[in-house]
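What follows is a set of structures for review.
In the two complexes below, subunit A is the common chain; its partner is subunit B in one and subunit C in the other.
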Partner chain A sequence: MRAWNELQQSSFLGANARERAFGLVDKGTFTEFANPRDRISSPHLPVLKEAIEFDDGIVVGLGLIGKKPVFVISQEGRFIGGAVGEVGGAKMVYTIKLAIDLYDRMIAENPALPEEKRPAVIISFETGGVRLHESNAGLLAHAEVMDQFQNARGKVPIIGLIGSKVGCFGGMGFIAAATDVVIMSELGRLGLTGPEVIEQEMGKDEFDASNRAMVFRTTGGKHKYILGDCNFLVEDQIGAFRERTAEILALSMEELEKYRRIGSLELVEEQLKLVDLAVQLQPRDSKDVWKYFGNENPEGLPDMNFAEFMTTVKRRPENK
Partner chain B sequence: MALNELKFEYKNEKSVSIKKEWSHLGVVGSGDMEVLMEKKDLGGAVQVKVVTPVTGFDKVWNLVLEKFIKSSNLGNVSIEINDNNATPVVVSMRLRQALAEANKVNGGEE
Partner chain C sequence: METLVGRGRDAIEMIFDAGSFQENKVDDFCITDAEFGPGAVIGTAALNGEPATVIANDAMAFNEKFPVVFAGVIGLEEAYKMAQAVYHTIRADQDKPLGQKRPIVLIVDTPGNGPGKTEEIFGMNKATGAYQLALAEARKTGHPIVALVVGRAISGAFLCHGLQADHILSLPKEYETVIHVMPLTSIAIITKQDIERLEKLSESNPVFASGAEFFYRLGGLEEIVADIEKMRDTIIAHVKEIRKLKAAGQDEKLGPWGRGLLGEDRGGRMARGKVIDLIKNEFDEVAERYINA
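Showing the complex of A and B:
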């Protein structure tokens, strides 16, 4: 693995799950749970003659950001597209559970525990959702992660990071939407049904998955930032993701809650307004939506570099 | 067990083990593999276990592994590989990378 200092300058997209996990917390603080040497791989894949991985495609562990214990979950897209099976799912679920248990224990010992020492969870998504080879177990894992999110609500902040090649789709798209804060790079992609699946189901006229520019205009970080599915856009660098995460985790749980996109009646109503808008506007392309939100020159947005984009872009007014 | 499991053992005359207790490298992507190396008292031998969906390439595995272990002069190491259709060139490269990783001191940090 590359050294921590080198990783900070390195592309988030180009790194593997373990490098991301290691580089997202303070130097030398990451300890992996159920590491490759523990050999906890999928029991289902060998039956199907599919290759296995010692970590089942998910790296989990604990590190520090400042004084804060940060539980890290990092998915590996190169292993079966980052799809979540029984073992990988269990690793996610129990890592969040550990964070909540630690919070409960620390608060029981010291109800006045400073915010800076309270545990948090960060999840680097790189997945298409359920691993179809072990579909029931994979689906159940998604439900259990949602359960843990509910248990963590108002106690342990959960930050979603999306800047990987695979992006975050399928059931995990729902999971990402249910986090407290989402940070993306413009290379990250977030959605429910993935581009290829839409094309397969609805035809090439509806959605041309080979049109890379269009796929990014519809699912990429810049669009999600304008629309508000993503709270913060950062450059494609592990260090940039880490610094933004550290800034957010310095906020109190109450302040953090304001970044949620779903999870209250007001937010449901706000989302419904977006549905109304879609019906009204009948957009043919994301650019129509960008223009509606006040971007005079929507054509220019996709090619702008990060700094230029951030100073030029106009987001949906309700966005936090 | 539906996956193909191959086991090999090699021995060098005057061998050296790895510096770390254990070390891991690689991702089991398509055409790729991961390597787990562990220091282990094997009376100077090197044991290799390969788990792969591919069948019929036992001799090629043996040639590639033997060449790597001879040239690296390894001993008292257990090597486990999870493979997903890696070619012999990729296997050789990953093994050398894994060895470099296993011999980094202080986890490669300055």
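Showing the complex of A and C:
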């Protein structure tokens, strides 16, 4: 694996799950749990004569950002598209639970535990959701993740990072939506139903999955940033993701709560305004939405470099 | 045999006290726009004399504003409408003691979430995520939540409308119920597996096979309700049992985590527990270093 210093300058998109996990926390602080030497793999793939990996396509562990224990979950798109099965799902679920249990324990010992020492969770998503080879177990694991997310509310911040090749789709799309804060690069993609599936189910008129530019306009980081589904857009660099994450984790839980998109009646009512806008605009393309939010020249946004985009773009006014 | 597929509204009549269902009303929350999220049916009905929140799918409805929403599909409006019903349920009983929090009953017959471009532009993932968080919050606040699969319980739609319940029940396949992520034929294509081999394996392997009995073996549901006539009494019994566990502080036996333990008891998900034990031990070895950093 590349050295930590080198990883900081490296592309987030091109990095594997383990490099992202190591590079997102302070140098030399990452301890991986259920690592490949433990040889824990899916019992279901061999039944179908499929290859296994000894991390089941997900890296979990614990590192530090300053004095803060940071639990890291990082999905590997190169192994069956980062899809979640029984083992990988259990790794994810239990890592979040560990963070919550540690929080409860530390607060019980010291109710005035300083913010800088309180545990957090970061998830680097790269997944299409449920692994079809063990679909039922994968689905049940998704429900367990959401259950732990609710347990973490008000206690342990959960930050979602999206900037890897596969993007974040399927059941993991709404897991990402349920985090406290979402950070993306413009190369990250976030959604529920992937373009190919929409095309297959509803036809090419509804969605032409081969139109790469349109795929990015619909689910890519820049669009999600304008809409507010992504709170922070960063450059495609592990160091950029790490620095933004560290800044956010310095905030208190109350301050972080402001970045949520969903998770309360007030936020549901807020989102329903966007649904009304969908009815009113009937957009055939995200560019219609960008224009509505005051971007005079929506055509130009996709090709702008990061710095130019950030100074030019107009986001939905309610966004935090 | 009789089927309830596509008949979510009929199921409401069969389960709750006769004539008690008040649609679009949860306490003082009232939806007046009849065209809002028509694929989702929400309201209040009496269950054995006590008020309960009802959330069901209406497979006969078509959402004029969102053309991909029909046949029980949960679209943007539907998912937020369901979430509203849950949050208003929590609000209605916020001052009541644990044992008096009203039940929420989910009647499940949905083939999926809205698969459209508009849905993706505006974030269908948020809508279904919002509904799941609402249900998880209601469960943890003390409301007993029971889901009953009367028709189709497919993939992400089942995740949002069903899998966050305290207990999940299903009619058996004789009633044409379907529980899965994808049909075997689609799994065969995507995973490049031979369909005949998959079919043979699925006779004994619950992990990708379709149907309530396989979910039962994985601990994915608590009980199969053998007879349509028993739906009402079984739901009432589960509400009682859930209340008992919540009163005893045994919430870990309920909901998704409880079903994880059930999966091990029933021998369907044996890897999950091993992974958890391993990580727990490895964490304990290094924990102090991170706590006292």
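By our rule, the second predicted complex is superposed on the first by the 320 of 320 C-alpha atoms of A that agree within 3 Å, B and C clash if a C-alpha of one lies under 4 Å from a C-alpha of the other, contacts with A are read in each partner's own complex, and residues count from 1 in each chain.
Assume a contact is a pair of C-beta atoms (placed from the backbone, for glycine too) under 8 Å apart; a residue touches a chain by one contact, two chains touch by 3 or more.
Since we're looking at a predicted model, the values are computed, not measured.
Participant: After the match on subunit A, would you call subunit B and subunit C a fit or a clash?
Facilitator: Superposition result for subunit B and subunit C: fit.
Participant: According to the stated criteria, A:Glu76 is in contact with first (subunit B), second (subunit C), both, or neither; which is it?
Facilitator: Only subunit B is touched by A:Glu76; subunit C is not.
Participant: So, does A:Tyr225 touch the first partner subunit B, the second partner subunit C, both, or neither?
Facilitator: In the superposition, A:Tyr225 touches no partner, neither subunit B nor subunit C.
Participant: With both complexes overlaid on chain A, does A:Trp4 touch subunit B (first), subunit C (second), both or neither?
Facilitator: After superposition on chain A, A:Trp4 lies in contact with subunit B alone.
Participant: Identify the partner contact of A:Phe309: answer first if only subunit B is touched, second if only subunit C is, both if each is, neither if none is.
Facilitator: A:Phe309: touches no partner chain.
Participant: Of the partners subunit B and subunit C, which touch A:Leu274 in the superposed model: first, second, both, neither?
Facilitator: second
Participant: Could you say whether A:Phe216 touches subunit B, subunit C, both of them, or neither, answering first, second, both or neither?
Facilitator: In the superposition, A:Phe216 contacts neither subunit B nor subunit C.
Participant: Under the stated touch criterion, which partner chain does A:Phe125 make contact with: subunit B (first), subunit C (second), both, or neither?
Facilitator: It touches nothing on subunit B or subunit C.
Participant: Specify the partner with more touching residues on subunit A, choosing between subunit B and subunit C.
Facilitator: Between subunit B and subunit C, C touches the greater number of residues in subunit A.
Participant: Please indicate which partner A:Leu48 is in contact with in the superposed arrangement: first for subunit B, second for subunit C, both, or neither.
Facilitator: both
Participant: Check the superposed model and tell me the shortest C-alpha distance between subunit B and subunit C, rounded to whole Å.
Facilitator: Minimum C-alpha separation, subunit B to subunit C: 12 Å.
Participant: Which subunit A residues lie in the overlap of the subunit B contact set and the subunit C contact set?
Facilitator: In subunit A, residues 47-48, 50 are touched by subunit B and also by subunit C.
Participant: Please output the residues of subunit A touching subunit C within their complex, sorted ascending.
Facilitator: Subunit A residues touching subunit C: 31, 33-34, 38, 40, 42-44, 47-48, 50, 60, 62, 64, 67-69, 86-87, 89-91, 93-95, 98, 102, 106, 117, 129-130, 132-144, 146-147, 149-151, 153, 170-171, 173-178, 190-193, 197-198, 201-202, 206-207, 218-219, 223-224, 227, 229, 261-265, 267-269, 271-272, 274-275, 277-279, 282-284, 286, 289.
Participant: Of all residues in subunit C, which touch subunit A in the complex?
Facilitator: Listed in rising order, the residues of subunit C that touch subunit A are 65-66, 68, 76-77, 80, 83-84, 87-88, 91, 113-130, 132-134, 136-137, 140, 155-156, 158-160, 163-164, 180-182, 187, 190-191, 193, 198, 201, 205-209, 214-215, 218-220, 255-257, 259-260, 263, 269-276, 278-280, 282-283, 286-287, 290-291, 293.
Participant: If you look only at subunit A, which of its residues touch subunit B in the complex?
Facilitator: 1-5, 16-17, 27-28, 35-37, 39, 41, 45-54, 76, 78-79
Participant: What does subunit B use to touch subunit A in their complex?
Facilitator: Result: residues 1-3, 22, 24-25, 27-30, 32, 34, 36, 38, 51-53, 80, 82-85, 101, 107-110 of subunit B touch subunit A.
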